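First chain A sits with chain B, and in the next complex the same chain sits with chain C.
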Partner chain A sequence: MSAAAIINEDQRDCYQELTNVAMGQAADRLARLLNAYVVLPIPKISVIENSDLNMALQGATSDNSVSAVCQGFIGAGISGEAMLMFNDASFASLASLMKYSGPLTQAAELELLMDTASVLIGACIHGIGDQLEIVFNQGHPVVLGQHCDMADLVAYGNNGWDKALAIEIHYTIEHVNIECELLLLFTEESVRALNKKIDYLLD
Partner chain B sequence: MSDKSEADTIKDIHWLMDILQNIDVGLVVLDRNYEVQLWNAFMEGHSGVSPQLAKGKNLFSLFPDLDEAWFKQKAEPVFQLKTRTFTIWEQRPYLFHFRNSRPITGRSKFMYQNTSIIPLESVTRQADHLCVIIYDVTDTAVGKLDISRANQTLSEIQVRDTLTGLMNKSAWLTVLESYYASQKQGCLLLLDMDHFRDLNHALSHQQCDEILRRIGAGLKTLGDEQHAARFGGEIFSVILAEKEAEEAMQIAEKLRRSVFSLGKNSQHTISASIGVAERLADTPSASEWLSNADKALYHAKESGRNRTSLFKR
Partner chain C sequence: MSLNVLICDDSSFARKQMARALPEEWQVEVHFAGDGVEGVDAIREGKGDVVFLDLTMPNMDGYGVLETIRRDDLPAMVIVVSGDIQPDAQERVKKLGAMAFIKKPIDADKARSVLTEYGIMTGA
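Then we have the complex of A and B:
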């Protein structure tokens, strides 16, 4: 079975459309939080294997030094995980947009990371949930690492999944150097349940 | 609607209220002015503030230690954007200063907390209240801090000698290689205890360890820019950075005398021999430089011990 076989073409288009709507809502929230214009990208829908996760992350930002948080969410038996990664060079601009005063210590960066993650991840998964009539419950965010190498972010090893649906959204803010990547991942069982919901929409 | 179903609904609400009261997480409902509207038993138990006392009071006047600006930064998006926000113990260990729920066997004095702040909508779909949910994550936090401390110790062990706190041999050799590569001048010093095996027989192991520890402490006083290491057993090595032979020999002599003085009040002689080698224009490699220092040390031993020798061709 090829890697892409857990979703078909129509389903892929539908995921793309759902994400477009959701990330637009998320971008609107982010724009209101930062009071800045958020450039809307085209989300990338792909199916990745466990061993490809690091590669998928590597492609996510142009810089290698990153900080990231992840957050699990679950609803209607569908569970997924959201990861938000910031290029470390982004924090200075982010701090000035969010009107954080004081030195940009690792602790201050963590605050910025958490504040942005709360807004972006929440809006995005609820945006998807609303369209599918699923109420997603968010778990607590977990810091994956600060100022670490992209490759060290996710430990290798079998975490009990083989394939996952990956939705990548690359946000940039106009005129300032802020780059972040939001990655939504659904494991195979969850994708099966999601596909049923999607097929219902497609009919 | 029959009476029965209404009674059922009331029973359900009753149950839910009971559960919210007894659940082992903190629940606080705040209005737009940060005045407390709901305060569950977890909050009462840990803070000693009763729901009657808390109700209608401003949160920040009830708990002056709570950082108002910080908390509002997390809470305002909840009101304005109707989004859920989170704080984790890595940001701030706690929101409310509560004692550890296990006062005897707990390893932290206070409770580490994660919080979720969720919007509560009114009938007009406005988020005019919010609920703060407080989770006790003390065990997780303490465990994670333990692991990161253990990892740090492990990486220290890889480069440090545990007895003296100086660098170990392999770490020092790496420093030596990069020092040599930097083209800087300087001298190498090798210090070897005289007849240490006899001393080991005559004294206890603890006493011998103490001697080595004191020599290590003496080498540390040379400063960080002079890279000192316990090279092995009773041998110490130092890179005397940017020192010429004459100054290096003075330092070496001082060291030798201070080692000798360790045996002043003992019936055993404690002494060391020291070899010094300057980096010469034609010293071809770091290992050759080290072997020159070793030759000087050998010379000091051969000429009667408890002395200092400078490498000469």
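Then we have the complex of A and C:
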């Protein structure tokens, strides 16, 4: 089976539209938190092989020094993993938008990272779930690393899957230097269950 | 002569969802466009008396369509239908001349209430 065959074009289009709506809800939450305008991209839906994860992540941020959080979620026989990666250059602007007044220590950056992750990941996962009538339960967020090289993060994702559906959303904030990438990964088994829900919507 | 309604969205799923949300008894001709460039072309051809417009699209986005309509004074009543629900986005499209804003996902009740509120639906 070719890499692309786990979803067809209609399904890809539908995943993209569901993501579009969910990421808009997440952006709205972030915009209110930061009092800024979040620029929404067209989300990228692709099927990746385990070995491509490195490339997907490398393309995710323009800077190699990143900080990242991941959080698993599960519901209705579907499990997925959300990863939020921040370009490290973003933290200064993020701190000022959040009116964070103290020195920007590693601990302070961690707090900013976790706060943003909880808003973006939570809203996005629930936005997708709502449209498919799935209640996703989220696991605890895990910090994958701060100020680390993208290549070091990749080791994390390499656990026991061949192919996955990847949903990539590249958020930027207008007028300031804040850039982050939200990556949702669903393994083949979960995609089969998701496709059933998608086909129902497409019908 | 019936009213021409244009649904402009890059997602075929979203176009279908929008078409399904239109009131059944509304006597209109429905047309579709897959991005902003196609949308503007369709409006110039007279297919967009009423336009349901998405914002995030390739080639030309919804903001570009609104700017073109205003610049060239094209005859179209635009209702933006978008997943970008930030208050800023709604304000921007209103400033650019959009008549109304509907949050995605669209449903029949939202479509009907906007069409009625702005007096667009006639001949029912």
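Here is the rule we go by: the second predicted complex is superposed on the first by the 200 of 203 C-alpha atoms of A that agree within 3 Å, B and C clash if a C-alpha of one lies under 4 Å from a C-alpha of the other, contacts with A are read in each partner's own complex, and residues count from 1 in each chain.
FYI, a contact is a pair of C-beta atoms (placed from the backbone, for glycine too) under 8 Å apart; a residue touches a chain by one contact, two chains touch by 3 or more.
Note that this is a predicted model, so its numbers are computed, not measured.
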item: Superposed partners chain B and chain C on chain A - clash or fit; value: fit
item: Which of chain B and chain C A:37 touches, first, second, both or neither; value: second
item: Chain B versus chain C as contact partner of A:122, first or second or both or neither; value: first
item: Chain B versus chain C as contact partner of A:189, first or second or both or neither; value: neither
item: First, second, both or neither for A:111, with chain B first and chain C second; value: first
item: Touched partner set for A:149, first chain B, second chain C, both or neither; value: neither
item: Partner chain in contact with A:20 - chain B first, chain C second, else both or neither; value: second
item: Partner chain(s) touched by A:162 [first = chain B, second = chain C, both, neither]; value: neither
item: Overlay on shared chain A, then closest C-alpha pair between chain B and chain C (Å); value: 13
item: Touching both chain C and chain B, counted on chain A across the two superposed complexes; value: none
item: Contact footprint of chain B on chain A as seen in their complex; value: 29, 32-33, 71, 107, 110-111, 114-115, 117-119, 122-123, 138, 140-143
item: Sites on chain C touched by chain A in the complex; value: 10-14, 17, 55-58, 82-89, 104-105
item: Residue ranges of chain B in contact with chain A within the complex; value: 73-74, 77, 80-81, 83-88, 90-91, 114, 116, 135
item: Contact footprint of chain C on chain A as seen in their complex; value: 10, 13-14, 16-17, 20-25, 27-28, 31, 37-38, 40-42, 131, 201-202
